[in-house]
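Common to both upcoming complexes is chain A, partnered first by chain B, then by chain C.
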Partner chain A sequence: MDYFWGLLINGILVGSIYSMVALGFVLIYKASKVLNFAQGELLMIGAYICLELVYQLQIGVPGAFLLTLVLMSVMAILIERLVLRRMMNAPVMSVVMVTIGIGIILRSIVLLVWGPITLHFPAWIRDVPVDLGFVRVSVIYIYSFVTCLIFMAGFGLFFRYTRTGLVMRAAASSQVAARSVGVPLHRVFALAWVVAAIVSAAGGVITGNIAGLTPELSAYGVRVFPAVILGGLDSIVGTTIAGVIIGVIEELGGGYLRDWTGLSGLGTVAPFIVLIIILWIRPQGLMGTKEVERL
Partner chain B sequence: MSRSTEQNRPLLQVQSLEASYQNVIRVLHGVDLHVDEGECVALLGANGAGKTTTLKSISGMLEGEGSITGGNVFLDGEDTTGYPAHLMVSRGLVHVLEGRFVFPDLSVYENLLMGAYTRKDRDKIETDMEGVFGYFPRLKERLKVQAGYLSGGEQQMLAIGRALMARPKILLLDEPSMGLAPVLVREVFNIVNQIRKEENVTLLLVEQNARMALKLADRGYLIETGTIVLHGTAEELREDPRLQQVYLGGIHN
Partner chain C sequence: MKQSAEKHHPMPNGLPLLETQFERYGAAAIILVLVVGSQFLSGYYVSLLTTITIFSLAAMGLNLLSGNAGLISIAHAAFMGVGAFTAAWFVIDMGLPLLLALLLAGFVTAVVGLLFGLPSLRLSGVYLILATFAAQVILYWFFEQALWLTKSPDGRPVGIASIAGFHFDDSAHYFLLVLAFTVAGGVVYLNLLRSGLGRSMEAIRDRPVVAQLMGMNLQKTKLVAFATGHFYAGLAGALYGWHLQFVATEAFNLMRSIEMLVLIIIGGLGSLAGAVLGAIFIVLVPEFLDMAGNRLLDDVSVIAPLRLGIFGLLVVLFLLYEPRGLARSWRKTVHLFNNQIFKNQTKQNRS
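Up next, the complex of A and B:
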């Protein structure tokens, strides 16, 4: 039973990271109809930037984390300003190709600067297990989960209650209507990229603290895909729920399938199988609208 | 006598405007028109004549699907040719698009708030919203409803109400009566007329319903395949045999 709870908790944690990263993906899609294939690379570069700041500035992981978010926001604005704004009226497919290019550049930078070996954050919290009554969980997991919750709730409140949040929801609802009331869309796109960079970097730092840093972190871009599609490409609530579902399926599936079949790595495949079955029944995803283009 | 002769500088002036879609299809071939301050001008024409394209070229909404390839647009004396839409809205020109583009996922209230996006005097927004409810009481009843669930007529009212929230100097209305039941058509026209009198707003009105439009307008233009072929006061146009034959021949109410 402990084994089950352990896997479940793990699944929820991994899933909450998926939810957060998928939020960035969905937000860019909703605001600009662009599929951002550099999402995983943003996560990766965020983790490396944070690591570098920790060692260069000796300010500790939490301080470096906050500074990372600032730097990532600046980077997102630069990407929008220098690359994407020039492509405002280009076909969506060209913009998607450009995001793939951005991803490749970011990955090359990481390989050049930090190399392919696994790097680690310094241990900054004592890794004592916390007893939740039915299961013991490593304290770093609890930190991570709470951080994800804070980010998701924070952005939820931002979209619901601030003027800028309203403008972003409006642009996501109808770009044409937004232009007609005088919203400069490029500013909305820039903001969507900032949010996406922030949630990705947060996901990267959390994952890096748990599992270490390799350029392979960029694979998260693909791993959140089942969550994005399952949630319905255009639904933030759906994506959040889907992220957790995918995380749990991955952990439970991986754990038990390994025991039964003796093969490891099935966990990563499991979500894609479940995804195919669900899309079979509900092609628009769990909460998505029917009109949305499928990939 | 129309008011146009009393003023010397028009609020909106369009000179030999040419426009294309995707840089291939030439749609406007030198459109000339002007709208003086306080005037209501109707732009009439058949399906595909270029009415919507003319409005989109003026308001900057053409960006993304087409572009201006010649001529000029002046707003209040300033050359605004090719300006993006947000710069036009902040200069007081608001375009109510054909097909009522509301924000379907936002509530009626949020839609109206978005209408005031470019406003600096945010403290006056609530009062102005009350003003909008004066014209469209139904919107007040539906305040919390998602705009996507409104009926076609209600969405049209919301689109006009949202445009008023910007406190425009000039409003471009593209077929406000399209697809509405005859009773609603008359209601929408009455309200537009009322707005025109009370809000001190200049109007450029596109309509296929020429009879209705010419009741409201001071002057009118007739556009055919991308060029103005006829213009005059509303009265002159009502009497013109060309217009009468084609557009007033009893097909419309």
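Up next, the complex of A and C:
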């Protein structure tokens, strides 16, 4: 039973990172109908930038983390301004491919500058296990979970109570209506990219602190897809819940199904099998808008 | 390519397979040069030619799917893998003849494609993109796990192709077989495009509601496009297996699927020329970059990421500045050329 609880708690903690990264993905999709395939690469490069700042400036991980968020915001604005804005009326395929292209460029930068080897953050939290009563978890997981909660709550409040948040929600719910009442759409798109870059970088730094940095971190970007489909492509609340569910499926899948089926790597594949099943039985996801084209 | 009957009895809808005399003679000349020329080339160049030809065939399928019907798939390489492994299984484990196995592999791939794509064909395009992405991940994992089919996680050797006792131990001979399939695939592709079905695919891609109002069957058309596109993928994948004489799992990874999409975008969406030009580009440019890289730099750890970066940059720049691909650049050149000749002719007529 301890094994089960361990996997479950681990799944929830990992899932909270997915939820946070998925927030950025859904936000860009809602604001501009762009599927951002560079999300994972944003996460990866955010982590590497933070690592570089930690070693170059000697300001500790929290300070470097905040500086990283600023740098990532600048990068997001550049990406939106230089590439995505010119693609505003392009077909879906071109937009998807352009984000894939951006992802490839970011990945090659990481490989050129830092190489394919695993790098580590300096240990700045003493890694002591915390006893939750029924299971013991590493304290760094608790930190990561709390950070994710803070970020998501922060953005939740931002969308709910600020004027800018209201404008973004307006643009997300209807581009045409928002534009007709004077919402500057291109600024909303840029802001969506900034938010996506911030949550990605946060996810990257957290994962980097837990498991070390490799270019493989970018895989987190695609692991968000099942969460997004499960939660509903245009539902931020649904995606947040689904992120945790996918994290749990991954952990339980990796932990139990391997013993039952003798297949390795089922943990990472299981969420994608769930994705296909969801598309078969409930394509709008848990909380998404139903937009099935009946044929 | 040209059928003599066509000249006197044009198609009821007035669309010949290839529109201009230039294109007809050009296609015939290219095929002739390839058939004869390939027999004199060294193994390295024959291998490049074969790869380009196979990729052209696969790209026709993806172009039909994504370019003409607007159904975007990020799993084309994985479906090529399905074709390659099933064909190998049919020939080696079941003892079927090669030609039959190739066709069966195409059918199996079409069915597997439908399994993944069917639910999202009812939804908007973004769902299909994510569903095909899932297909890529699941199928690749399947190749690594299903050892009854793939023999080892890295893939399985298939040996030399042979048909009715004839062994293709000369790679130039195998190229002819590949070329025959690709030319046949090209004729089918062109034929489909000029048919009502092909044109309703494009109508549904551009204006689904209007197309439906005009009585086009959305579901049937999407299904046919999906099945046909994956048939091409399976066939091309199977041919690729015997080209390398080894069905390598790694050849069907996500990066290759992305490359296939880049191929049709850089080549030109929705046209045969796009598939071929894109295939030439996607095979020759990395080859050239490797050569240049090996000359200029000796550090392998720099060449590979640099190549990747140039590839990504090319994708972004093409989408920004020539979103309709090389086929459009090619057409512009041809039109310029034709106009020039036409001008000269009118001048002669006047004088």
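FYI, the second predicted complex is superposed on the first by the 287 of 295 C-alpha atoms of A that agree within 3 Å, B and C clash if a C-alpha of one lies under 4 Å from a C-alpha of the other, contacts with A are read in each partner's own complex, and residues count from 1 in each chain.
We take it that a contact is a pair of C-beta atoms (placed from the backbone, for glycine too) under 8 Å apart; a residue touches a chain by one contact, two chains touch by 3 or more.
These numbers come from a predicted model, not from an experiment.
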First (chain B), second (chain C), both or neither touched by A:I117: neither
First, second, both or neither for A:S108, with chain B first and chain C second: second
Chain A residues touched by each partner, larger count belonging to chain B or chain C: C
Chain B versus chain C as contact partner of A:M97, first or second or both or neither: second
Partner chain(s) touched by A:F225 [first = chain B, second = chain C, both, neither]: second
Which of chain B and chain C A:V176 touches, first, second, both or neither: first
First (chain B), second (chain C), both or neither touched by A:P184: first
Set of chain A residues, in rising order, touched by both chain B and chain C: none
Chain B contact footprint on chain A (complex, rising order): 88-89, 166-167, 169-170, 172-174, 176-184
Touch list for chain A against partner chain C, complex: 29, 33, 35, 83, 86-87, 90-94, 96-98, 100-105, 107-109, 111-112, 115-116, 222, 225-226, 228-229, 233, 263-265, 268-269, 272-273, 275-276, 279-280, 283, 291-295
Residue ranges of chain C touching chain A (in the complex, touch as defined): 66, 70, 72, 116, 119-127, 129-131, 133-135, 137-138, 141, 144-145, 208, 218-219, 258, 261-262, 265, 269, 301-302, 304-306, 308-309, 311-313, 315-316, 319-320, 323
In the complex, chain B residues that touch chain A: 59-61, 63-64, 84-86, 88-90, 94-97, 101-106, 110, 113-115, 117-118, 162, 166
